[in-house]
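Structures are listed in the sections that come next.
Two complexes are shown next, each including chain A; its partner changes from chain B in the first to chain C in the second.
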Partner chain A sequence: MLAYILRRLVISIFVLFLATILVFLLVAESGDPLALLRANPKIPHRVILARENLLHLNDPLYERYWIWFSHAIHGDFGNTVAGQAVRPQLVSHLLVTLRMVILATLISIVLALAVGVYAALRQGKVADHVATVTNFLFLAAPVFVVGLLLKEFVAIPINEHLNRIVFYTNGEQSPTLSGSFFSRLPDYAAHTALPTITLILVSYSSWAIYQRASILETLDSDHVRLARSKGISPRRVLMRHVFRNALIPVTTVIALDFAAILGGALITEIVFGWQGLGIWFLNGVNGLDINITLAYLLVTATFVILFNLLADIIYAFLDPRIRYD
Partner chain B sequence: MTETSDLSPRQQRLRRVSTSEVGMHTLPEAVPPAGSDDEARYGMAGDARGQLATVARRFIHSPMAVIGLCIFFGLAVAAILTEMFWTYSYTSITNTLNAPPSLAHPMGTNSIGGDVFAQAMHGTLQDIEIALVVAVLATFIGATVGAIAGFYRGGTDTALMRFVDLILVIPVLAILIVLAHIVAKQASNWLWLAIIIGAVSWTYVARLVRADFLSLRERDFVEASRALGASNRRIIVRHMLPNALGPIIVNATITVALSIVLESTLSYIGLGIQPPNVSLGLLVDQGQDSATTEWWLFVFPVVILVVLILSIFFIGDGLREALDPKKNRVRA
Partner chain C sequence: MRPSRRLVGVVAAIGLAAITLAACSSNNSSSSTTSSGGSTTGSVRTGGTLTMGLDENLAGFNINTSAASEYVLQEILDQVWPQPFIVNAALKPVLNTQLITSATSGGSPQAVTYVINPKAVWQDGTPITADDFIYNWQAQSGNSTYTDIGGATYDAASSSGYNQIATVTGSNPTGGAACDPGSAADRNVGLCPNGRTVTVKYTTPFADWQSLFGNLVPAHIARTVGWNTGFAGPAQTISGSWYEIQSYTANQSVVLVRNPSYWGTPGKLDKIVFQFFSDDTQEVPALQNNEVQLINPATVNTAITQSAAQVPNTTKVTVPGLEFEHLDFNEADPYLAKLPVRQAIAYGTNRQEIISHTVGEVASGIVPLGNRMFVASQPQYVNDGSQYDTVNPSKAESLLSGLGFKKASDGYFQPNYGPQSGQDLTFTIQSTSGNSTRAQTEQLFQAQMKAIGIKINIQNYDANTFFGTNLPNGTYQIAEFAWVSTPFPSGNQSIYCSYTSSSCGQNWLHYANPAEDKLLAAGSSATSASQETTDFNQADKLLWNDMATLPLYQKPQYFAWSNKYGNVIPNASTTGVPWNANLWGLKAS
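Then we have the complex of A and B:
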């Protein structure tokens, strides 16, 4: 298993390496990042020259990529177009995004499994239909629609009704926030609730649909029929024979979808005005900032790869037949 | 001229048996009577017609799928009719500003006097156009890549699948943002938008077709056609692809829905459809600030967008059930 995971890791890193080259070329070829600076007559020429040097804009492309690459493997992601170091910005924005993503992913998984199992066990009954229609509704609604609806028609009316702010709809924390971690916690929570709920709603639905189908298929399989006919109690059949098997396919789906969660986080951040990784990246792309774009790409891709590896490991636990060699 | 006529009767039988066994549609109706004219003339096409009828029959027995189909075509037809006959076009500017829904403007007007109904319908049409182009493009690229990877295996397979991985490790939206930003500089045409969405949407089909091909290529009927001297190209296109068609069609439907999601998201963040053209995502973006005051600017585009995507998902789900060979033996 270790050998398998190592091989997967090497392939992933190689893929990631190719991705950085591709994105580098795309962004580098799409225009001059200093165009705005040059258009401003108040900026002295030497400032522009210094910036050009800092960003290595006058070097040939392969050399610029090499400079980026040799620094990036040491954890130095270079400078932004505005001339600041990328890494501190990356870290602070990442922490903001993780606040919502970690919580949302965990709750989504639990919710998806619960809803999927419940709907499957109530197949054809009202509860199943309600759950399925709801799942499809959230599957169909784009992230920004869910976010905006929650913001405009849930959070703001509740706040107005109670005459105090329960849900903040803009920003990841109050700008004047200070004090110890525990005194800041309520403020964080009030800001994080809505974006997290948004991300949960758009993420859980497809998994729940999948989990329901998976349970139904397992319930219909020969080994479950055998277990029942042997006289094993229904509860034990469900726990030992159905759940465990039905979890295997859904693990893959969740792992593959992790990139989509990060994409969803990007839109959620825009809707709720969070200074997270997504907005940072979007502004980076808009400003033709290669270093920001590549840093975002590296971080998200690393998370996706790690998540996929985790899925592989869980996989082996769930299904003892799986041998990675 | 006919393709099967030069085969001996035994070979014909061999081929018939194998093609009817392999398909995902192992249905009684699917096998035409031995030696029928149809079978000799069209080979597999004869099977396909019987299968089509069965699939259609099963599809119309699923209420959600039929509702989805009706809503989707209803919206499409309404959008086309509006475009042709409605008093206002999506570019019209009237003197009625910020008017709530009325008979003259069923969805009200916006702050510069544009008719929201005409805009929403044009947006719907625009979304459907983009989604169909994306689905065709993504399915074509994905099926080709998947077929080649699954059929030839080895180095070709590895190279192609690593490329698929490359698109899978980065959020699709991030790739689209980079591409949209670069393409938007060249042309703000909706076709460009469709092309870049298509360029990132084909990976799932590719994996699907590849997996199907890996198992199909070991089947007897492929062996048989090879023994008969069929070229690789012919085996792929005439024998293997028709057998993988079910999942490809289902996936193409889902791609239509997902590309509407992607397009509207890009339009929402300002990298998709550009004014004066409209799409539903753009309308939601423009209406979001007045969601509670001039609610019609926000609610109508949102509802149409969600209903449109939902209807396509229902169609896809119905198709999947109708094309599922296992469904045949489980409860009717």
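Then we have the complex of A and C:
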């Protein structure tokens, strides 16, 4: 197992290295980061020259790549077009994203497993139909629609009814917030509630559908029938023989989805004014900000590779038949 | 002036790219004054907090740098950095007498004398003196003699006006004290940096002198932390005005509180909070939820206005802005180089129909714009293009026929020369992609041109390509975009003076007319407001005669705020609505 993990790690690092070359070439050739400055004749030419030097825009491409890469592996992602360091921005936006997605993902997993199992065990009954319709409804609903509906028909009416703000619709915290962490906690919660609920609703539904299908498939398998015929209690059959096996495909989906969400729940961030990784990346692309784009792509590529690896490891724990030699 | 891209930022405060008008008072005359720094609409009480939604994040706090020159930052700094002149809601620059007790311009060569209020100090107690003016001039002069800390080139958003200054000197230190000799390190030896009277001498007349020294950067801080990147947060961005920055949370908010060192009438509100939004449309629910009490979204569309209309106890106002959409004709094209072709397009363009189907849906009373130098809400405005107010297809077709173009059986004219000889006369119009209003305009224009026998193709590009490549390189035929003006018209010079001159960098349309050059130059160096207005209006008339561009309409700005607050007065200039935020307050019950 350890050898497998190490081997996968080496391969992952190599893949990541190749990805940096590809990503750098694509981003570096995507346009002139100083195009807008050049279009403004009021900006003195010497200002633009200084900015070109700062971003190494006049160096050959391979030199630019090496400068960027050799710094990036030490955590230095260079400067933005505006001359600010990229690293603090990356950390700041990543923390925002983590705050939003970790809680949402954990709750989504629990909810998806519960709903999926419950619906599968009551296949064809009213509860199953209600759960399935609800799941597909949230799966089909665009994220921004869910977010806006929550604002319009949940948050604002509740706030108006209580005559105080229980749910905030924009931002990560109140601008004038002060005091200890625990005294700030209610404000954080009031800001986090809506985006978290939105992410839960759009995430759990697909996982619950997977979970239901997986449970049904496992329930119909030979080893489960054998277990039942041996007189093992239904609860024990469910927990030991059905649930564990049914988790395998769902684990893959959740791991990969989580890696993607860590890259930024862009639409949720926009709707609720959260400055996560997704919106940071979008602004970087729109502004042709090379170093922001590169830093984002490097980080998200790392997430995807890491969570792929993690999914494989969890596989092995869930299914002893899976061995990596 | 500059093309409209609120995301890119705007010309700082009182319009460094630009331009003057009422500003250029007659020789030795004082400027118009205000004692309060703003206007009022009613009584308000002291105390309280107002939160305003902003639609961009900040790239720094020194708005005078190219990197941080943003509209939203100007709205924040209106109340933080000293503003010798404030552009009021009537788009007129008025002297901030709490900072500058008098400002006079006159003499030959032109000299401007500012008398600083002897009580004026920065937040840290350092007096505001001639040294601040000296430093701000040097940093924005474009002169390589002056460098930032570490010998770095000063990153100035504009050198306009500052590069016409010969000297900035101080005199009359407070209390009759002797002049400080200055220091070589500070480059103010012999300039009396501690003087409270500042004399600015110009090498050539600069009509827009009132546009300079807005957002005065504290020299004593800048010399320590650096002009280019030193103003990263509240610690460096100290106040010399009504409010100081209490906190800044990147991408989230800026909180202003009263500046305890302010020497004049203090602001009414305890706090002014600016909260950032990623999406304009989310400002309305936040207004409804009382998370913000004032919004001025960059995008004005029916989705915003209709949802805001449902928010009770708020005032909603749509005002004509200083931004106007227009059609740009590239005269490098062999057909658009012909005046009758451009005139035919103008006669065939039903501007009122375009307005009705676009901005007319969110604001009433918008009419075709008849001037490029002044918008209709400015007193200097004259409709120089009234002959194009009514669409005239027959006139358009006769102009094309007059060139020898023949109308083919498909209804399109076919030129008798050039690359399209014997083919349908075809132009491509381009603009920024993702802008529904511009897309609608292009489609209407396409249909209108078809009616007069001109085929129009539509090809849009992302903003960076459009503004950064296509326009500057002249790789377009007809372009549709907006210019953002300031109350100062001299910024128009670089757009319409002959493209053959290196100083006319925004003349992307390959227009050239020596008579136009003379009128623009005369307006920019005029010594009276009336003369400046006359010169620029004559210049505009000539542009109509030459049909250099076709102005479409003035873009509206939208404001909505809670009725609990008084003295909120929309301001369509780049100063923004917080121009008088020192007077905002909760209405007295």
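Operating definition for what follows: the second predicted complex is superposed on the first by the 317 of 325 C-alpha atoms of A that agree within 3 Å, B and C clash if a C-alpha of one lies under 4 Å from a C-alpha of the other, contacts with A are read in each partner's own complex, and residues count from 1 in each chain.
Here, a contact is a pair of C-beta atoms (placed from the backbone, for glycine too) under 8 Å apart; a residue touches a chain by one contact, two chains touch by 3 or more.
Predicted model, so just to flag it, every value in this text is computed and none were measured.
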Determine, under the contact definition given at the top, whether A:270 touches first (chain B), second (chain C), both, or neither.
-> both
With the two complexes superposed on chain A, say which partner A:156 touches: chain B (first), chain C (second), both, or neither.
-> both
In the superposed arrangement, which partner chain does A:260 touch: chain B (first), chain C (second), both, or neither?
-> first
Classify the contacts of A:49 with the two partner chains as first (chain B alone), second (chain C alone), both, or neither.
-> second
Could you tell me if A:66 is touching chain B, chain C, both of them or neither one (first, second, both, neither)?
-> neither
Figure out whether A:172 sits in contact with chain B (first) or chain C (second), or with both, or with neither.
-> second
With the two complexes superposed on chain A, say which partner A:317 touches: chain B (first), chain C (second), both, or neither.
-> neither
Shared contact residues on chain A for chain B and chain C?
-> 31, 148, 152, 156, 270, 286
Which of the residues in chain A come into contact with chain B in the complex?
-> 11-12, 14-16, 18-19, 22-23, 26-27, 29-31, 136-137, 139-145, 148-149, 152-153, 156, 220, 256, 259-260, 262-263, 266-267, 270, 281-282, 285-286, 293, 296-297, 300-301, 304-305
Mind pulling up the chain B residues that touch chain A in the complex?
-> 162, 165-166, 168-174, 177-179, 181-182, 185, 257, 261, 264-265, 268-269, 281, 284, 288, 291-292, 298, 302, 305-306, 309-310, 313-314, 317, 330
Name, in rising order, each residue of chain A that touches chain C in their complex.
-> 31-32, 35-44, 46-47, 49-51, 80-84, 89, 92-93, 148, 151-152, 155-156, 159, 165, 167-173, 175-176, 269-275, 279, 283, 286-288
Listed in rising order, the residues of chain C that touch chain A in the complex are 2-3, 5, 7-8, 11, 16-17, 49, 51, 53, 57, 59-60, 66-68, 142, 144, 152-160, 228-229, 232, 247, 249-255, 271, 273, 275-279, 282-283, 285-286, 288-292, 462-465, 467-469, 471-472, 494, 505-506
